[in-house]
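Each of the next two complexes has chain A plus one other chain: chain B in the first, chain C in the second.
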Partner chain A sequence: MPTAASSEAAPPRSSRINKRVLVAGAAIVLPLIAVLVANLGRDPHMVRSPLVGRPAPPFSLQPVGGGAPVRLESFRGKPLVINFWATWCVPCFEEHPALTAAARGLPDVQFLGVVYEDEEARTQAFLKERSSAYPSVMDPDGRTAIAYGVFGVPETFFIDAEGRIVEKFVGPLQRSTIAELVARARGGRP
Partner chain B sequence: MTRVALLSIALLSLPAMSAPAEPPPSASRAGAPRGAPLSGPELDARTDEVGALLRCPVCQGLSVSDSPSSMARNMKAEVRDKLAAGYDQEQILADFEHSYGEFVRLKPTLRGVNWLVWFGPLLALIAGAALIASKLKRSGSGPDALPAPWSAAAVDVPDRGTLPDDPRLAEAMRRVRELAYGWPGGVPPKAGASA
Partner chain C sequence: MIATLGRTLILLALLAASAGALVGFATGARPGAVAGWRWTRRLAYAFAALMVLANLTMEYALLTHDFSVSYVAHVGSRSVPTWVSIVSLWSSLEGSILFWGLVMGIYVAVATFRHRDDHPEYMPYAVGVWLACGAFFSFLLAGPAQPFAAVANPPVDGPGPNPLLQNHYLMVIHPPFLYSGYVGMTIPFGLACAALLVGRLGHDFIRPLRNFLLLSWIFLTVAIVLGGWWAYEVLGWGGYWAWDPVENASFLPWLTATAALHSALLVERKGVLKGWTTTLVIATYLLTILGTFMTRSGVFNSVHSFTQSAIGPTILVFLAAALIFSVVLLTLRVDTLSAEGRLETGASRDIAFLVQNLLFVLFTFTVLLGTVFPLVVEAVRGVQMSVGRPYFDRMSVPIGVALLFLMGVGPALPWGRAGREQLRSALLPPVVSAALLTILGVVLGVRNAWTLLALAFGGFTAHVTVGELLLPVRQRMRAHGEGALEAFRQAQGRGRRRFGAYIVHAGAVVVIAAVAVSSTMGSSKEVQLARGETATIGGYTLTFVNAERIREPHRESVRARMEIRKNGHEAGWLYPRMNQYENQREPIGSPAVRTGLAEDLYVSIHNIDVEAGSVGLLILINPMVCWIWIATAVMALGGLVTLIPSARGAAAAARVEASTAPLSIEGSS
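And now, the complex of A and B:
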């Protein structure tokens, strides 16, 4: 016993330094872990856009294949789903059936595709090849995409009947997600 | 007293006047142009300057002016149109911020947590210098304060003729010294006593 006590008499100095290092390390690492834990449950596709909760930026765009310009105001009164897409974008290709099925299954909701940096002829061929249940409009120079703060495609905005953006979704959509977010856009109506 | 009250009312109503809660749903959210419409070489130069303050959303740390991406080109075209229409730099940056968030500004504005970005490194530098200074002060100053092992008196500096206790090793070192330094018998000329 006494030998153990004498061997323990030396280290307190170094163990005190270790404790200090430990505290400093914890002060750096713990906030990082806290941030990680706080965001663990968040869906990375639900991007916090500064536009969420604000009125959707207005636009007036030419439909694919020609016709009268499509204006945002004309959709007032029912929920609107605006999907930014392009024919060169593989995830857009993947989500197209889900969007088409949702548009067919939800007649009280308006769906609109905004073509992002693509050619009209190619878009027309794409839409002819695969059936589409909703109109798509061309966005020359990407001005509408910039107004909506689009980073890339596909990005989808869910807008309530008052024209307010309720949610922004980044990446390919699935039917269940569309249903869930459309319900939220419907809930925006008082 | 009334002057103070008036001043505080004026200050309180300032944000309400300068930042309308709801941007007007017109084509441009920036309101009426505040500057003079630009054209010609001045427009080109200002487009580059304002574009350099905007982050290209699809790039890695590139400004709109520096990026060759089509998105940056579109944004630059919009900056150009707005400058030509007479919008000033702050109106244009605020308009992009409205869509993309503060992320789009390459120079974060001096408000809120951003103070940390601007002055954090300087504060860290001062704190580090203060820490080092206090440590040096606590351990005293000058060469006398150096820890014991470093003071010349405490260090057991071996003589150049010193040999290890192991006789075989000592013999080997003697031979090496003889070969390397030309000392006869491996004994240094002046330190014969120690060998």
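And now, the complex of A and C:
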């Protein structure tokens, strides 16, 4: 690392500190670092969706493998985590174990997968192979994804018991993040 | 298997670079340590070889669709053509950092080999700095980025690279140019640090510094314009530059590098501005790292980022370390670079150089401020905002016009103080060309004051530049009685750097004039057409004949067949299209451009319905855009001419001849 060199810089020859360079350099460099650090602090995956704070768009979708349509209203009364995913998306199967474990460990929270731009047969094979602890539904023509403003998968929405979107997360989730965001969907209660 | 091999190569590269950096610094601190210098070189070559091997390994994985390598699982796909698999190496974050390592390895190996026998005091330090930077990027590849991470349950097929990469060949060649420009700045940075550490920046050492700076500058210049060209040909909004943070990221180091190339000339000729020049070179490198951070951290356009969050912070730590190291180094050592001469005051070329340098630095701060300002607001007030084009346009137009003016006045002025008579004979004739071009502009309908000013200064500068290009030729014809061609050959062979520099200037004049005209003189129209309907704009008639579907192996397209007539004459067909790639949701538009020397006809699709037979189009007439691409090629060519060693500098004998010859043309200016 270049910092290692500063000790080497100890000069044998005439050397004095140039104060003007120091002041000018510090005046430019320190605020720049401060601004970049301050912005790095916020997670770019925590996208400020205009939907946050609003009622989640309703849907009625066919479960993978068939069955009665799943409707948003049927989940009222408990927190809901909607995960948009696909079998062709690598980050999606990276986060799959975390989501499955979270669903098993949080029985009072409903998890739902919405399959994005994928075929039902492939999805079924994927779920059979890797198992799942919550239902997934097909989203023909991506209508629900459009309603939720999904850019790409994976994206996950955290919805409270009243059906309002509390948080949107872009990218693969980890256990700790899920727990934290579920807590917010519960209204701060852990 | 491949993943393990790749990871091993990266770890070895990290080892070689770290060890080489340490040995390099230790050797630099004890001048004359022959064995130390030999080992520094060996480790530099080892680093380069390992980076080349790691990249070949990744290419192998991409071509064999080995989805157990995480990067291949992210960007690979069996459905894309082979060439797409090859260029996927730089299509996404982790791979592009690996590719960065490749370019860096090549630069370090070439620079080390080229100067293995010269500058024994400086070179160990320089190689030490390069390898320290190399160690950082190896660390990034070994830890946070991990293109060679193993995928436990490899998928059967992958999503394929970003469709934008497949959509246009320019997106394929743009990144290699950009990286060659960006990464190349590491070499002058290392040399400048070495000069500070040694405490001397001599006449001889500024040359390698300047040459590597120039080489990277050529790549960066071409890359910036290729990026603009790509935006123009692909994005469909009709422009080539939007002051987007990613664009600014490449423009910022270009500005400081251009300033440094000019001030390096004063170091070489007069022995002045040494500390200033090293500062500019160091700033250039730091700005490339800032640019890397901006485009890769997700801080600047959060919506598009799927970045592994560790990469951004890691680059930021390196950026902060490099910034602090540079400020400390400059603070402690800049006073050791004592000037050997002095700058002339008054109306002289010296002062023109100085003002030019200050303007470039002002330009850099202006763009930097506009780029970072949204982050400041976000951090302080928590509001998301963006600094729009109006700010950048308003600030950059006067600076650009002033630089154009200086590009003409500077070379017209003599080195040292100019007398009144000298000034008059130097500055008056070009005014004629300035007036002519301005009048031509007015006749052709230019009314914008800034555009007219740009044309006036452009005429002035073009006159001076052509005059300077031809001056040695005319002198030779007169003094030696040579024919024009022979005189030209001789003159450019002897003063090649000077010759190349004025070619660059000639290209730059045309670029600035073309930017001024194209951004103020265009016209546009939005239309909705049913089959058989026509639209007219500026002498063109466009008829929508029909909409067609086209199937290719990796994409499906819908295109509009447009018949073009210009002033009533047939002028061919245009096919703006929408491409739908496999595995990608959104279709990507591809505008159709009828390129002409005077103006482009630009047609892009807003919406299209094949069944109903209707199309919504954006039609633009963009004057002179083509000259931006042509003149950039001229600039790059001029830069290359400057890099070829001058016949005069090649042998000492030539120097003797030059001093005895009646015409002594400066080899540089």
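Following the convention adopted for this analysis, the second predicted complex is superposed on the first by the 149 of 190 C-alpha atoms of A that agree within 3 Å, B and C clash if a C-alpha of one lies under 4 Å from a C-alpha of the other, contacts with A are read in each partner's own complex, and residues count from 1 in each chain.
Convention: a contact is a pair of C-beta atoms (placed from the backbone, for glycine too) under 8 Å apart; a residue touches a chain by one contact, two chains touch by 3 or more.
Remember, predicted model here, so these are calculated numbers, not experimental data.
**Q** Touch test for A:134: chain B only (first), chain C only (second), both, or neither?
**A** neither
**Q** Just chain B (first), just chain C (second), both, or neither: which does A:51 touch?
**A** first
**Q** May I ask you to name which of chain B and chain C touches more residues of chain A?
**A** Counting residues of chain A touched by each partner, the higher count goes to C.
**Q** Please indicate which partner A:39 is in contact with in the superposed arrangement: first for chain B, second for chain C, both, or neither.
**A** Only chain C is touched by A:39; chain B is not.
**Q** According to the stated criteria, A:143 is in contact with first (chain B), second (chain C), both, or neither; which is it?
**A** First partner only.
**Q** Please indicate which partner A:152 is in contact with in the superposed arrangement: first for chain B, second for chain C, both, or neither.
**A** Both partners, chain B and chain C.
**Q** Looking at A:21, would you say it contacts chain B, chain C, both, or neither? Reply first, second, both or neither.
**A** second
**Q** Applying the touch criterion given at the start, work out whether A:117 contacts chain B, chain C, both or neither, answering first, second, both or neither.
**A** Both partners, chain B and chain C.
**Q** Looking at chain A, which of its residues have contacts with both chain B and chain C?
**A** 117, 142, 151-152
**Q** For chain A, which residues are in contact with chain B within the complex?
**A** Going through chain A, the ones touching chain B are 49-51, 54-55, 57-58, 117, 141-143, 145-149, 151-152, 163.
**Q** Spell out the residues on chain B that touch chain A in their complex, using ranges where they run on.
**A** So the residues of chain B in touch with chain A come to 22-23, 25-27, 29, 57-58, 70-71, 74-75, 77-78, 96-101.
**Q** If we count contacts the way the header does, which residues on chain C are in touch with chain A in the complex?
**A** Against chain A, the touching part of chain C is residues 21-22, 25-26, 28-29, 70, 73-74, 128-129, 132-133, 135-136, 151, 153, 155, 157-159, 193, 196-197, 199, 275, 279, 290, 293, 297-299, 302-303, 305-307, 309, 312-313, 316, 318-336, 372, 375-376, 378-379, 384, 583, 585.
**Q** Going by the contact rule set out above, which residues of chain A touch chain C in the complex?
**A** Per the touch definition, chain A meets chain C at residues 1-6, 8-9, 11, 13-19, 21-22, 25-26, 29, 32-33, 35-40, 43-45, 47-48, 87-91, 93, 117, 130, 142, 151-152, 170-171.
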